Every structure is written in C-alpha cells, then in structure tokens.
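One chain, subunit A, links the two complexes that follow: it is found with subunit B in the first and with subunit C in the second.
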Partner chain A sequence: MADQLVQAAPTGSSLRIRRPSSRPGRTARRGRVRQWPGAVFIAPHMLMLGLFMLVPTVYAIYTSLYTTKLIGGTSFSGGANYVAVLQSSQFWDGVGRVLLFGVIQVPLTIALAFFFAAIFDAGIVRFSRFFRTVFFIPFAVPGVVAAVMWSFLLLPGFGPYATFAQALGLGKLNFFSSQLILPTLILIVIWEFTGYNMTILYTSLKSIPREVTEAAIVEGASLWRIILRIKLPMVMPTVVMLVFLNTVGALQLFTEPSILAAFQPQAISFGFTPSLFVYNTAVGSGEYNLGAAAAVVLALIIGVISVAGFAVRRRNGEFK
Partner chain B sequence: MTHHSTVGGTEKVRARRRGSRKLLAVAIAAIAVAALGACSTGGAAPAKTVAHGCGHGATNLTFWGWPAGYNLVVNEFNKTHPDICVKLENAGASTAEYVKLSDALKAGSGTPDVATIEYFELPSFEITHSLVDLSKYGVSSAKNNEAPVAWSQVTQGAAQYAMPVDLGPLALFYNAKEFSDNGLTVPTTWSAFATDAAALHAKDPKLGMTNFDPESTQDVLALMQEYNAFPFTYTGGTKIGINFTGTAEMAFANYWQGLISKQLVTTAGDFSPEQWANLDSGANAARLSPAWGPVGMQLSIKNTIGDWATAQMPQAKSGGKLSGNWGGSSLAVVAGTKHAKQAAEFVKWFGGSADAWKILSGPVAGAFPAYVPLLNDSTFQARTLKITGTTTPNTVFAQAAQHMVDPQWPPIMTAAATQWTSTFAGVTKGTETLPQAFTTYQAQLVAYAKSQGFTVTTN
Partner chain C sequence: MSRRAKRQSTELVPAHLYGLRRGTTSALTVLCLLFAIFVLAPLVWLLINATKNQAYVYGSFGFWFAGPFRLFQNIAELGQDISGAGIFVEWLGNTLIYAVLGAVGATILSALAGYGFARFRFRGANALFFLVMATLLVPITSLALPLFLVYAKVGLVNSIWGMILPSTVSVVGIYLMRTYIEASVPQDLIEAARMDGASELRIFLGIAMPLSVPGLVTVLLITVVAVWNNYFLPLIIFSKNSLYPLTVGLSSVSAAAESGTKADLVPVLITGGLVTVLPLIVLFLFLERYFRAGALQGSLTG
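The block that comes next holds the complex of A and B.
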C-alpha cells in the first residue's frame, strides 16, 4: 500500500491557484532559486528510490534474460523465461485470483471507508475521534502480525470464531476451505485497510468549504442527500486515487497468504497470488531467473493498470 | 505562498533568509539520509550472538545453529577448549537458514565457519561445493561411533561433508490405555495396523488410529523409508532417480489412501492444535512418532499423560525390523572458512563426544543421538518421561536407529518441499487421492530436475 498522503484539491472548488508574475528576467532567476531547496529535499527520497527500486528493477530484467542450472551454470536464454511464465497455468491462476480479489475488496473497502468518514465528518456520532482512532489502529498493526493473529482467531475447530459459528448453529465452519479462503482474505484485508482509507477520506471531506454544506442545509437537503449528492462528488478525485492505490496493493497481495500458508499449507497454492508465485519460484525453488521474469511480467500488468488509472484521472480533469 | 516583486532594501533580508533556508534544507536532507541509513537492518546479519568464556588469542569460529540447548553445548566447548572460541548465532531455523547460507555463499561473504544442516539438505550444498571435506581433518575416525544411517547421509564416496549430531527414528507411539480399553493388540505389520484401525473405527466412529498429514514432506518421506519405498536415488553427480510411481511407492500411497478414504485416520497438520487435541482425546490412538516426538508432545497434551507406550513400527514384511528417519541434523564446515582445522575439531567434538551428549540429551536440548555409545547406554535406554509413565521409549527408538535404509537425498529438496505443499493440498482437502498426487508430483519433479540440467531416471 502507498505510504504517501496526497491532498487532492476538490474540483469545482472556489479556490484558485495564483500564477507567478510574468516579468521574464526576475522570474527566471527566482524560479531557479525557488527550485533549489525543493531539489535538496527530494534528493534523499530519489536516492532511496533509485537504490531500492530502479536498480533492482534493472537487475531483475537483466537476471530474467539468463537461466541458471545446478548442472551447467548460467547461460543467456533470452525470452525463454518469459515464455515459461506466460505458459504457466499456476501464474495466470494467481493473476485471475488477485483480479477477483481486487474487484471485490477494493470497492467494499472504499465504500465502508467513505461511509465512516462521512458520518464522522457529519458529526452525528458521539466520541467520533475515539472511533476514528480505533478504526485506524488495524493499519498500524504490521501485516505479518495481523495475519498471524487472524490465523489463530480463525483456526478451524478450536479458534474463537469457529466455536462462535458453531454456537450460532452454522456448523463446522472452515474459514480456510477452498470456498472460504478468498472471502476470509478479503475480510482480513478490509479489516487492515479500511481505517487508513477512512482517514484520508475524512481529511478530504473536512476540506470541503463549509458554505457549500450550509447552503445545502438551508435549501432543505437531507443528511444522506448532502453526503451522496454534494460531498461525494467533491471528494471524487480522492476516491479515484484511493481506488487506484488500493487496486495496486490488491494486485501485489503477498503477506497475508504467505503467513496463512504456514498455518494452513493446504489452503495456499504455489501460485496463489502472482507475488507468491514469484517468491516460491525464486526463493522456494531456487529459480531466481524465472522468478525475475515473473516479477517483470507482474510489474508490467500492474503498470498497464496504473497507466489506465492515470488516464481516467486525467480525463476527469484532475491534472490540468 | 506567493512572491511579490520587491524593490531595494528588503532584498538583503530576503537574501539572508534564502541563505538560511538553504542551510536548513541541507541539514534536513543530511539527517533524513542518516536516519534512513540507520533504519536499514544489517541484511543477512543473524540476530543473536553468544560467546562465553573465550580465552585471549583464541581462534574465533562463527556457528549458525537454531536447535534449543546448543548454546549450552557451545559454552562447554569454549570452557574446555581455550584455544578455540565458538560464537553461536541463530540465523533462522531450517529453510530460513539454508536460504541465508546459500545467499551468503553466492555473495562470497558473510558465511559462517560451521552451520547446522539437516541431512536432507546436505546434497544441495555438496553439489555447489560449499562444504569442506572433513575426511582431510581426521573426522572420519568418528565413523564407528555413529549410527550407520547417519553416517551414510553425511558421506559421499570417500568424502565426508558433515558430522552427524542427532536422529529421528520412527516408532509406534501408542495410547496403551486406549488400546486395552478397545481390545486392540499392538500391530506388528501394516495389514494388522489396518485391521486394528477398522476395528477401532467400528467400535466408535469418532476414534481413529493415527494422524497422517499429506502436507508434511519429511513425515511422509520418513514413512516411505520405513516402507522401503524411498522414491529418490542419488549418489552425487548429474544423475538423479525420481520414482514416486514405482510399485512400492504406489503400494504405499494406496495403503494410506485406503485408510484416509474410510476415515480410519485423521489428516490434521503435524504439530497443529488439532493434532494434539486428537491425540489427547483419543481421536488418535497412536502416533507414528520420531524419537524427538514425545518430549514435545508432553508439553501439548494433558489428559493422557502417562498412558503412552512405544513399540516397533508396523512392518511391510512380517518379521522385519525396519524404521525410517524423520529429521535430525548434522554440523558442516562451510567452504571459505579460514579455520577449517579448528572447525573440524569443533564439529567432531560436538557430535561425537560424551561431554557434548551429556548436554545434548539433557532436558533443554532433548536431542536423540546418532551417537552409538549413548544409544547403547543402559541408563539412556531406561529413561522414562511423564508422558510414557513407566515404559521406556528410548529402548525402542535406539533399536530403530540401527535398522534403517540409507536414504539418498537428491540435491533439489528445497524446491521439492515447496512444490510438495501445493501438490498434496488436495489430499488433505479430500479432493484428490494420494496416488493421484504422487503421479502429479512425479511429473513436476522430473520436469524440475531436467530443467536444472540433471539426467533423470524414473525407475
């Protein structure tokens, strides 16, 4: 999941950005001077980005063009690894699964997040600050810890949820059976990330000018009309950005299934998600070249979806 | 903030503010980089370091090991060998350590002098020439004091690549009370075992004979050893034999599938809460247990403490004495070490001295020896545990330790184990049979071995 908080200016708001004055000589020099601190500030981040994202990506592409065998060593193999990945049913099985996962998890998370953000913003809930903090806490729990915790809570037959379900008369529920494993994962991830999305949407809602809401109340609009017809459209850029961020995160699903696999190995297959396929191929089977190729293919798939996301946002007028 | 064009006097103020802003920007950037640098962990650097009683000027050895109690043994060595100082580091357990070790070997730095390596993983390191041949340092004289099955797994031809430490021979660990309550006799053959299972289930459908976890790679392979149906052959070099679809192997698969289909055995995960509950409630009347099993088991059960007895494993052929090995590890000297002689001395002492085994077989480490003098020791054999009441499990386990086939592990066990979990999932879930999984797995493993450049034989 992205760890940058982006504030999007609501479209159609009454705020306008003042353009710098158009005196050529002065502006050029001031422009250069103004850029100097900015460049220094982002330099550390750019350095880290280069070291930990660009260099490994280039190295992965390089590695994917070779094949290493236990007998025979390393040799150039061109696109052979890519052919193997594209022909791997385990890999595409995983791709299909995370797409299905994303299509269900992302809208549910954002809808829930918006619902909570809206009711907290509308001030109809007492102790809203307390609840906002509590809802955010799951995001502060590291994914590994959360997955371990849920593995115990959902333990079939012995865990509290299974016993509770039996008490309710739902019979012997196995949360990690073939039918229920995906809903279980969706639930865990919704639990983890709703608070985070809610916090961003709450901030966005709070930046809507009061006059707009007050005018609507004066006009006699009901609370839900105001939320759905006025506030939601005004935070739409934030919603779109969150859809995009959550989707990319969903496509990279790794932590939760990999921890679950330690507790319920029969529930998580080799290529359960594309990231897990990469891990099991590279680290689990020692086939680092094939894993690199799979990682590049996954990056391309996510890249295509990202570009599509940007295109949608541009069409919605977000980047003028 | 918007900037208006200015004239005259305030220029100086602005210039000074710009200068101090520059300084601030640089300071923050420097702090940020330093903080980020400090945040990063030391990569492959292991977590815990232990060094005790080391003399001045002693040779320093790094030892990667995870089993409990190893720190006590290392302390003892350092006390009695002042010229060598061993530092124990926990670099993760099993596969986690093997990944770190092979990464360090590839990188050419950060390797330890000595590492704990389980028997099945030794060939994977031997094929990359990552282990020092200990026969050059006089360690081979320890052969007579080691169980044959352990010695065969650390040697290849004339070379010796590790020193055996512990073993995990299998035996039938059964609930004597439940057996007598249900009129069962201790089965000496697998067919008698199946008959007992059916009888037990007929009496009470809630009761099963034992647990069989299809997902537990080492457990199943140990049982296959005992059935004389070990599917791998490998004696070094470029030829691997993979045969999951052979006669004996398929007979093994059909036998267990029969018990699974009729629900005469449970398929809970090994060491899962479900398995312990089954053993404690009588839903499992017996456990096909490795020698290190009872010590851990008595921590996880309450109701049946004192009821458990040990007998020889049921045999495929009546009158046989065969057992299989599950687990156990060795100590290897890693290539690239600057102190091979001292490292060899250490590993020889660790796996093959009475002093080391006093601690290793003690309450903290609880290891079961491949060290024959201890195996044959009457006090050791007469030991009882809370869980076993007055019966003596070590008598049976010690016998089993000396009657095993020598498993020839192929150098592809990490990949084999990773793929196993996926392929055998259906058997646990009941969506496919064990023979079917064996057939699928055979094809997958042969394809993998071929892709790694090996010549594969399938019979």
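The block that comes next holds the complex of A and C.
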C-alpha cells in the first residue's frame, strides 16, 4: 500500500526524470502491444495543462508587450514595460528581500526538518509518533489562517509573544518593525513548513537499509557520525529536491506578507515581495500590462535560479 | 525487494546500540517537546480565542479563557453578512465545491496520465513528461494574473469553473500516480488481459485502478488540501464576494477588521479561522498514513 510509495523514495524523490520501468526490449519482442493508447490516456491532462498553464503563459508574454493608455487605447510598446520593471527599484528591492528571506529560511527549515527526521528515524526519542503527527499539522493550515494567527500572537504590546519577550528581558519588541519583519516572516514560514519537510526526509531516511546502520555501529561510528556522514549523503537527492521546492516557494512569497499588510500596513510596502509587486501593480493600480511584464520577469528569475542550481549539482556529479 | 524494504522500515536498530548517554535521549525529547509547543501554540490560541468577544481578544491573556463564553454566538455570526464583507457560510460552501470538484478532477486526470506515462512507450512520452515536470517551475503568481486576463477575454471571470478547471492540473498528482502504478500494477498483468482481448479502457478501469486505490486516495487528499488552501488564484479571479473561498473571504474580513471602524469583526475572523482549519486537521488525523506517503513528493507553495 502506502509503503510502496515509501519504498520508491530513494530514486523517486529526486526530480530527475526516470524512464518507465517497462523495458523497451521486452515490449518490442512481443511486438503486438499498441503504444498509442498511452497518448490518449495523457491527452485530457495535457489539454488542461495547455489551456490553463501554457495559454496564460503565452498570453502574459503577449500582453506584456503592449501598453494601455486612458486616451489612445492599447498599442504595441515593445520592451517598454520590461524596461519599466527592470528600472523599478521597488521591484528589485522585493527581489533582494525574497532572496535574503530564502537564503535564511530555506537552510533553517531544512536543517530543523532533517534534525528531527534523523532523531525520529534513529528511534532515540520517546513518543516520536506523537511528535511526528504534531509537527505535520501546520501543513493542513492555510497560509491565510497561519498569518492571521501569528499577527495576533506577535502583536506589539498586547500580544502574548511580545509580553513573553519582555518577561525574558528583551524589552519591548515590535515584531512588525522594519528590522524584525523579515525574521517574523521567516518564523511564520518555518512554523508552516518544517513538519512537511521533516515528513519527506523521514520517509526517505526510513528507506535506508538497516544493514547500513548496523555495519556503521559495528565499526564504532557514533550516532551523530552515522547521521551526518552516512545517512545525510544517502538522502541527498531528497534534500536537493526540498531545497529546490522551498526556494521556489520562498521566491513567490505572497500570502503571509499580504495578510500581515492588513494588520501592519507600514511594515509591508507596495513591492515588499515580487509577487506583491505583480499583484499591486495589476490589481491594485490596474496596470495589467506592466503587471504581466513583472510576472514574466519573476518567472524568468525563478527559472534561472532553479536551472543554475541544477547545473551546479550536475557539474558536481551528484545528479545523474 | 518490496517485502525486504518493508521489513527494514518497520524494525528499528535498537536505540541502546548507539551507546548514547541517558541524558542525551532526555534532552532530545525535551527539544521535541519545545518544538511541539511552538507548533501547537497558535492552534491552541485560535481555539481559546474563538470563545471570546473582541474586547477580551485584545485585553486578556491569549492562552486562557476570559470574559463571557461566546463560542456559539461567534459561530452563529459566521452565518451573517457583517459589514458587507460577505457571508462565511457561503465561503465554506464554495470551498467545499471547489475542493471536491477540483480534487476529483485532478485525481481522474492524474490517474489517466500517470497510467499513460507509466505503462506505455509512445513517441514523445519523455518530452511530454519533462514538460509536465517543468511547469513546477512556473510560479503561481506569474500564472494567476495572465489566467485572469485570459478569463476576461473568454468570460470566465466570476465563474466557478475559472477556479475548478485549473485546479484539475496537478503535477504532483501525475508524478505520484506514475510512481505508484509503476510499483503496483504489473506489466505482465496488463499484457495477459490484452491477450484475453480486453479493451484498453477496460484494463485501466478493471485492473489498473483497483490496484491503485491507495495512490488515488493520496492524490485526492493532497489536491483537496491544495485547493482548500489556495489563495492567490481565487484572489485574482473573483471580484464577487459570494464566490470567494474561505481563504480569500477570511483575508477580506481580516482587512476589514484591521482597518476597523466596523462592528466586531475580530471574533468572526478568529472563529472563521478555526472553522477553516478544523476540517482539514480532522481529515489529516484520520487519513494520516496517506498524507505521509503522498507528502513524499508533494509540492510546496508559498
């Protein structure tokens, strides 16, 4: 049952494309197998993918090349919108902010997740089943609700966490001040996603053969050495996948700051993150063409970072 | 291989073999406990504050009850339109419709496509699968706005199908179904059925799908959560508040509550948040093992 998915973890959890396990040689020998029904089976999905992902992508690029004016209507403007986006310091501030956010949040989340996954996998913590369940719960909480809860909890002055910080002698902390807003968002996102990452890593660690651990113990390796030197390298493909998914998520950061903006408008600017910039430009200011151009630039930035990441891995020979 | 892996995953190496000091185990357990408190605290806060009125939400200690017990009045207010923001119960109904239809659609499409990719070698299969995986790279924020602009052209703005149809595209669903079918539907079985003259559709419905039920449940759950928690797409494509799902509805209440000269909206916001998360947490606790398996290759969205 579910275990079979678990079992597929070591290879399946990396993002590389595997060939289907049906061996072409055997199929060819039998000769009579019709292969075209495969195309029919995937057709409905490809149709939806085309209509709801490819068409909008193409249309976004098309729209971004035009400009709509109050007087004079819509006209072709070439790269003018792109120039406007690329010259917008607000846009680049946002890009810089989500990069900084990602550089801190992604390693923290994955390190925490791996730490917990490893000690649960080693079976050295009591009630580990209970902890695993609890840690995963935020996955079921929408980002909107998470941000609302944390907005109240971190409320300057009255909020329980500000009171708590004061009791610890940290003074009057304003979690939404310009210095602390980024750490606050990092805290919220760590709360949301650590358990989810932990679950994936735990499943991956579980698929390491028991003999590997036993051999290491016989050799006299300590627990921490086994975890960091033996198990971590074995689940590296999963870690890479998680770094990739978390980074893409971080660069798209939108829900949490947009909800916090209602509570603390001064803390979240127009272009706080690139996604907010896209939203505020298009929906807030009604400049759809400019918004489309910003969306295309954001997609390109994410694409370039992802491809660069994969290229580095491939060059290091860790990716087949 | 399968049986062997299963045995290994259920039997732990006895902890004492690691030669840890007793203090280490206790310290680690304490660390886990602290993190568990960190995780549960906001949810406990939500539960407690759903019983308060607005004054006590701000004026009393967040982690204990205070003032009149108003949980049921707060829940009753979810059925009313307060200050024109919309009606929570309608949003709940919308969310159920979007989540159920979107997830069922995504599961059907993923099962078909996963089977197609797993068990057929047709021209262009690898390229198409690569294309499917590459769409993981396209950020939802870059997609939702153009989608809205296309909807404006074809009249899908403020249509529930504008929300449901894109939700049926699930890259993770396809990946999971393909992996699952490769592992649990033997090629020989399919070929034996072909020898007997069964049609391809019959093989799919009668053999492949019954063997894939756990995989199907996993995909269904993952996509229900994804649609239930989706915020950006409905935020962009709906302008009528009677069409909002819970996430967008709550964010509008949140904005109204904070810009706030309006009536007591904070209890509605908090109680609404509670009612939004409870169904999914309950669903998750009951069907946890499916989530665990599926989370394996799930995707993260920001």
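Basically, the second predicted complex is superposed on the first by the 265 of 320 C-alpha atoms of A that agree within 3 Å, B and C clash if a C-alpha of one lies under 4 Å from a C-alpha of the other, contacts with A are read in each partner's own complex, and residues count from 1 in each chain.
In the analysis below, a contact is a pair of C-beta atoms (placed from the backbone, for glycine too) under 8 Å apart; a residue touches a chain by one contact, two chains touch by 3 or more.
These figures come from a predicted structure and were not determined experimentally.
A.B. asks: For A:S269 in the superposed arrangement: first (subunit B), second (subunit C), both or neither?
C.D. replies: first
A.B. asks: Quick check for you: in the superposed arrangement, does A:A140 touch first (subunit B), second (subunit C), both or neither?
C.D. replies: A:A140 contacts subunit C only, not subunit B.
A.B. asks: On the A-aligned overlay, A:V40 touches which partner chain: subunit B = first, subunit C = second, or both, or neither?
C.D. replies: Both partners.
A.B. asks: After lining up the shared chain so the two structures overlap, which partner does A:A215 touch, if you call subunit B first and subunit C second: first, second, both or neither?
C.D. replies: neither
A.B. asks: Kindly classify A:P56 by the partners it touches after superposition: subunit B alone (first), subunit C alone (second), both, or neither?
C.D. replies: Only subunit C is touched by A:P56; subunit B is not.
A.B. asks: Should A:M48 be classified as contacting the first partner (subunit B), the second (subunit C), both, or neither?
C.D. replies: In the superposed model, A:M48 contacts both subunit B and subunit C.
A.B. asks: Quick one: subunit B or subunit C, who's touching more of subunit A?
C.D. replies: Between subunit B and subunit C, C touches the greater number of residues in subunit A.
A.B. asks: Mind working out whether A:A308 is in touch with subunit B, subunit C, both or neither, as first, second, both or neither?
C.D. replies: Touch status of A:A308: no partner.
A.B. asks: Just checking: does A:A282 make contact with subunit B only, subunit C only, both, or neither of them? Give me first, second, both or neither.
C.D. replies: The answer is second: A:A282 touches subunit C but not subunit B.
A.B. asks: If you stack the two complexes on chain A, which partner ends up touching A:F131: first (subunit B), second (subunit C), both, or neither?
C.D. replies: second
A.B. asks: Output the subunit A positions appearing in both contact lists, the one against subunit B and the one against subunit C.
C.D. replies: Residues common to the subunit A contacts of subunit C and of subunit B are 20-21, 30, 33-34, 36-37, 40-41, 44, 48, 155, 158, 263, 283, listed in rising order.
A.B. asks: Can you check the complex and tell me which residues of subunit B touch subunit A?
C.D. replies: 2-5, 18, 21-22, 24-26, 28-29, 32-33, 36, 99, 102, 127-128, 215, 238, 269, 272-274, 277, 411-412, 414-415, 418-419, 421-422, 424-426, 428-429, 431, 448, 451-454
A.B. asks: Considering only the defined contacts, which subunit A positions touch subunit B in the complex?
C.D. replies: The contact residues of subunit A facing subunit B are 18, 20-21, 23, 26, 30, 33-34, 36-37, 40-41, 43-44, 47-48, 69-72, 90, 155-158, 177-178, 261, 263-267, 269-271, 280, 283-287.
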